[in-house]
Amino acid sequence: MSIMSMSKTLFKNLFHGPFTVQYPIKKKDSYERTRGRIGIDIDDCIFCSMCQRRCPTGAIQVDKAASSWSIERLSCIQCNYCTEVCPKKCLHMENQYTSPSFGKVRDEFIKCTNTQSPSES
Amino acid sequence: MGNRTIVPFGPQHPVLPEPIHLDLVLEDERVVEAIPRIGYIHRGLEKLVEKKDFQQYTFVAERICGICSFMHGMGYCMTIESIMQIEIPERAKFLRTIWAELSRMHSHILWLGLLADAFGFESLFMQSWKIREQILDIFEETTGGRVIFSVCDIGGVRKDISAETLQKIVGILEQVDKELKELTEVFLKDTSVKSRTKGVGVLSKQAAFDLGAVGPMAKASGVELDMRTQGYAAYGKLKFAPIIDTKGDCYARTKVRIKEIFQSIDLIKQCVELIPEGEIKVKVTGNPSGEYFTQIEQPRGEVVYYAKGNGSKFLDRMRVRTPTFANVPALLETLKGCSLADVPILILTIDPCISCTER
Amino acid sequence: MYAISVLILFPIIAALLVRIVKNDSARDMIVRISAVITAAITLTVVFLYFKKGISFNFPHEEIIDYIIAALEGAIALFIIIIGIKNKKYIVSVFSAIQTPLILWFEFSQKHDITVQNGIIFDKLTAIMVLIIGIVGSLICIYSIGYMKWYHYHHEDYPVRKNYFMSILFLFLSAMFGLVLSNNLTWLYFCWEITTLCSFLLIGYTKTKEAKKNSFRALAINLGGGLAFATAIVFIGMNFKTMELSVLINMKPEAMVLIPVFLLSVAALTKSAQLPFSSWLLGAMVAPTPSSALLHSATMVKAGVYLIIRLAPLLGDTSVGRIVTLVGGVTFLACSLMAISQSDAKKILAYSTLANLGLIVICASIGTQESLWAAILLVIFHAVSKSLLFICVGSIEHQIGSRNVEDMDILLDVSRKLSLYMMIGIAGMFLAPFGMLISKWVAMKAFIDSNNIFIVIILAYGSAATLFYWSKWMGKLVSNANVKNHKKQSFRKDEEIPITIHAVLVVASCFGFPLISKYALIPYLTYLFHADALIPIGTSDVKIMLYMLSALLILPLSFIPIYKGDKRRKVPIYMAGENTGDNENFHGSMGVTRKVELRNWYMESYFGVKRLTLWSNLISIGLLCAGIILLIGGIAA
Amino acid sequence: MGQQTIKAISSNELLAEVLHLKNDGYRLVAITCTCKDGMELSYSFDKNYELLNLRINIGLDEDIASISFLYPFAFLYENEIKELFGVNIKDIAVDFNNSLYKIPVKTPFRKEGTE
Amino acid sequence: MKFVKKSPWILHYDGSSCNGCDIEVLACLTPLYDVERFGIINTGNPKHADILLITGSVNEQNIPVVKQLYEQMAEPKVVAAIGICATSGGIFAECYNVVGGVDKVLPVDVYVPGCAARPEAIIDGVVKALAILEEKSKDARKKTGK
Amino acid sequence: MNILMNIGFVIAAPIVGGLLTGVDRVITARMQGRQGPPVLQPFYDVMKLIQKESIEVNSMHRFFVYISMVFAIFATTILITGGDILLAVFALTLGSIFFVLGGYASNSPYSIIGSERELLQIMSYEPMVLLACVGLYYADRSFFVKEIINNSIPAIVYLPGLFIGLVFILTFKLRKSPFDLSMSHHGHQEIVKGITTEYSGRDLAVIEVTHWFEVIFTLTLVYVFFATNAPISRVIAIVICGLVYLLEIVIDNAFARLKWQQAFTSAWIITGTLGIVNLMILSYFR
């Protein structure tokens, strides 16, 4: 017969105080490898379309003519495959995840002369 | 008897994390008949081999199930490697084993929490999941994902774990070990918990074998069935013995799983000691041609992968026989004659992974 | 005096008339008129004698005695013959012993005994007469409508409506006689007639089961009669008296306790207490009006009536203790067993047993408080239970079943009936209603008299009572949306008595302070030669009446007052698989299944078989202990 | 990784073979179907970690007997194959009549005209 | 004052997800993330819920189920699609049995991306949903003329 | 003055009940290592529910919860104003039965199973509650709370056994694990939300407020056991009420939910033994 064997743990917790991470006030540290979202150094991109071909979900679209690289954030599964196959290693995984949105988000990066601006369409 | 109550149970139901449906026929609260209905998670992902090439399919395989994601990826990779006759580096094998065992731990602790929740022990659920977060942290640190790792690749693994991280993991595991021991006291000794698990859903050894049960379900009934003994990945170099219990009730299954968690801790420690330096991946060229059956041991039991390649990028057939699929008949057997309050416990007792089952 | 003779004799005349007239509608009319007249006479008698009471002896006592003796002989002959005919020798044996015994006593021993008051009409009698007269006449009217339907649906039973009705009237007469008689031989004669009526009514359908049950009832009641007869002879020979009132005023000595014990056994059989209860359960095969009248409202009350009369002799004596415990066992066991039943009449039967047990406890404890509770229980139980019985009869008529599980459609079929049914059930156990008030006082009485075990039994029994009534109520309010049932007509002959009954239930609850003040307190004061007090504080009574008034808004739930309210209606929750009609869900194997919702019966805990065995053993043990104690008492 | 045992048999030998294996104490591991040049069914059995596969090749519309009376739990595999591939498996112990998964497309894995 | 912001109750339904997002939704309830801080309770009953969290790409059998659950929720209510499968179908978009994205079946208010969606992202998503919830409750007030 | 004070008590009852529920939630969370909601969370919940749409499955089932609340208030009022304890218990039982009937009226599978379980629970705890009242009467010769708490010796001295039994029963009444069979505050249960499954919006708010009254009611029962005519004892009694409540929270968090068989038998056995033993001893000394 062992009754209330949980109470030891309960009181330990009670006196220890909450283990809760006070998100969003305080964020939990992310790790170096944390997979958030795909970022691109658009300047280095050569628009080879390798990432587009290998992406399992077809989230990435590359338009060589318009020198634009775009990604459907709501389709990306953060598998990291594109960064592996990228011949120029201009794709990389950022720690910050895509924040929730009210509609579909397509992030487009255009390689212009000296300027790069992410714009939403 | 005319006094039969017929109620639907699921697909949406607070005790069911995943949709499955049962038509329950009750007398008072005793279950007279339980007829299952599945298909709420069937996606048809085996058909995807025709659209994704065998390399991309690794990511599909990982998403067969989010809990044993790594093992699915590993099983798939092993099958393709066998077809293509690729020998992967030793270090990759050890890394796979470490991740696999961590996955097993995370899965079992998760299961413990859900079990506690099923018998209305909320604080125990919270405590289990609190411990589990430490393992998820290891995952995030080593692979970048909390749930889905995307580290397994045909020909090896994508990411290495440094020696100091390995030591850190051992440190965390020691802490987990300590906290788990406290929890084990409650799961295995507390009277109120025992009253809900002991003698509930008894499955005899013969029944377990006849119904084709696998994993902890079979082990708790005394059927020795642990694919790790076949020595895939690095298991051949580790010392362990399958954990068996004979009672065949929910309590025995809880015990088997808890013991497996501690066994996993031990296996990981062995791996950390034995892991050799070296490459983590070999380059894969060509396309698979041929067929192969792979059996590996997931947290829920034996899983069978079958792949058939035809020399092109796309496989002809890829099939997974998951443990839950094999355990469903055993579940239906145990449901007969239990009481309504036991239904969630019994459903959990096979540690159901419906998304595995239906793919 | 004449009024009382009329009261006893009029139902006999009505019975004869009903028996003779063959034409259906003419007979129905006679029944209605006679019933109304019976009620009117009842009220007149009570009005005349309530204040002062009356006690007298008929001038031609001798003649009456001879007539009674002749009739007794005839009845005995009849019982012996049918007993032999149907190979139920036990009834023949019982009858063959007791009637000669009584006749022998009558003709050889009785000469030197003079009876002062053959008839006594006091406050208790008034209450009993009122119950019998009012409830009885209502049920007679009800049975007109009921029997029509009964034979319409059970074509295989022989139609003997005139027979049925005439026995009902005959029974009323016997019952009046029973409660009015002070002369024990007369009381015994009426007692035997009620037994006979009950036997005849249970066997009404002439089916095999009916026959079996009727003989069981006869055998057990004759057994009780035998005890009664022995008691009379014992009293007559030892104390040279024939009067109940004289017996009561004696001191509870060992010698007195022997006839008291025998009379108590007779009362226990009549009230179907354990271990004699099986006959009442079997009696449920009889048509519902007879169940309502004989087997819940009046005849079984004869037993507890006798115990209430004997109360001053019970109290602290060993016999009193034994009777109390037998009542306790019956109350608890039957309350528990009722949980496992789904047949409405069976539930009512078990509940009747339990409540009779409670009355027996209260009466046998014999303090002022407990008698107060006992008499109130008799009143409330009579009106509520007969309402429930006749409601069940009509429900059976409306939905074609008397299984509680089928009553979930009643709300759609007949709102009126479900409302009356709810009133009846509420009357049986809910807070401000009569039964609960009495239970409360009973509880207080038990504590005051230091009966710890009985208090605990009461606590458990009440909890069980609450369970089975509430689940029945639940069925009544559950809104099953079966729309395709056909509505039956609700005959006036059924509706009027039910309505009056329902009003009576509520009125009795509102009126209990009055009953207490004008009938119970004077009676108890007279009986105990000490001032009796109402056991509940005035403030509590007030609060309770407020509660009752609050409950009267309950019927509002039956009226769709929210029609104007524009709330969105959504399908009920069925885990996402409701087909939309709130009745079916998409089940496994591609079929659409109907949701079925049934109550709990908990066979493994409250199964009748096991409980009956144990409780019978205990009560038999108690009675044996009683005998031993008595013998010991005499020896000492 | 060694070579695996795949034993090709004809469809009418199936029951006899399965019965034989059952008596030998084999456990049914899986039933797999591949649709390529007709239907290719593999029945995988296991005893002491030894995997044994029975291979049957049948035409697209050929019948095949159910083994669910030998291995009751085979009904799940067989129902699945019946629903996804459209293989005519006769006399399944618990036949869901193609409503195991309730999919909107009929027999998605069946490739017509590959025969 | 709109109290709905202070006590949003959620209903979680798994419309054919791989479990990854489900366990992350559950993880939100556990000590480390503890969404009860915001008054969030996982009710498991549509009639009590304010926010419907759907994970997974919704397959054929689930369509009537999620529709019914949505219908059974009391106004004001919002739907949040958790995870890539629920937002777009993700890697399973091409499967024969999935509709691909909850928005094909229900009006989705908030999309929470991630494979699997991280607990932080889910909390963010719920917080965003609260804003919509408040707006909807204002609209509902206007309609009834209160 | 007295009447005003009584009215004040009755108004304060739900507020205190709500606060206690809030404290309960915070402490529970802390015991589980969580931060937990704000203390006022129960009030937020109820306010939200009032502002929400109320949907229904048929026109009858919501009626019962309102009556249930009326009787809960009624019972609490009787108790707090020093009225007859037995009458208060009866009134509360009446309220509970209406609540059960509400579950039946919705005719929904889980509501009805919840109702059955609730009835079973009522059957399980009712004997103990009655015996507690009996014990109080036995000890102080009065059913009136105002007389019981004006004695010089606290009732607990005579009735330790019954008090332990009562604390056991409180677990049912407060809907705490291990006896939260019919309707649990934690969502994950095999019968969904039991009786409340079909209620939403305002009706659900009413159920919640009813529960607050029940909390106060049950704690008042505890109070009655300790209070005497000495003012200090009143304070002690209130402190003990708090401790009992804390104990219930710990019990809630340290037990698995039991099955109805275990709940029922344990309740009846404990009631039987403690009741008989305590009352027997008491009757011996009286």
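Should a chain be cited, it is by its letter among A, B, C, D, E and F, assigned in written order, with residues numbered from 1 in that chain.
Simple rule for what comes next: contacts are C-beta pairs under 8 Å (C-beta built on N, C-alpha and C of every residue); 3 or more make two chains touch, one makes a residue touch a chain.
The shown structure was predicted, so the numbers you read here are calculated from the model rather than taken from an experiment.
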item	value
Common touching chains of chain F and chain C	B, E
Interchain contact steps from chain A to chain D (minimum; 1 if touching)	2
Most distant chain from chain A, judged by the mean position of its C-alpha atoms	C
Centroid comparison with chain B (C-alpha atoms), farthest chain	C
Most central chain, Cα average position	F
Chains linked by the largest number of contacting C-beta pairs	C-F
Inter-centroid spacing, chain F versus chain E (mean Cα positions, whole Å)	34
Rounded Å distance, chain B centre to chain E centre (Cα mean)	27
Inter-centroid spacing, chain F versus chain A (mean Cα positions, whole Å)	50
Centre-to-centre distance between chain C and chain B (centres being mean Cα positions), rounded to whole Å	65
Two or more partner chains touched - positions in chain F	29, 31-36, 53-55, 109-110, 113, 187-188, 192-193, 197-198, 253-255
Where chain B touches two or more other chains, by residue	5, 7-8, 11-15, 29, 39, 42, 44, 47, 59-60, 63, 121, 123-124, 126-127, 130, 145, 148, 190, 192, 358
Interface hub residues of chain E, defined as touching at least two other chains	13, 30-32, 34, 37, 42-47, 61, 65, 69, 72, 75, 90-91, 96-97, 115, 118
Set of all touching chain pairs, with the criterion as stated earlier	A-B, A-E, A-F, B-C, B-D, B-E, B-F, C-D, C-E, C-F, D-E, E-F
Chain D-facing residues of chain C, complex	589-590
Residue ranges of chain B touching chain E (in the complex, touch as defined)	11-15, 17-19, 39-45, 47-48, 51, 59-60, 63-67, 69, 110, 113, 125-126, 129-130, 133, 136, 145-148, 353, 355, 358
Parts of chain C lying in touch with chain B, wherever the complex brings them together	342, 403, 405, 574-577, 585, 587-589, 593-603
Interfacial residue positions of chain A with respect to chain E in the complex	18-21, 23-24, 27-28, 56-57, 72-79, 97-105
List of chain E residues in touch with chain B within their complex	11, 13-24, 26-27, 30-32, 42-46, 56-57, 59, 61-62, 65, 69, 90-92, 94-98, 115-116, 118
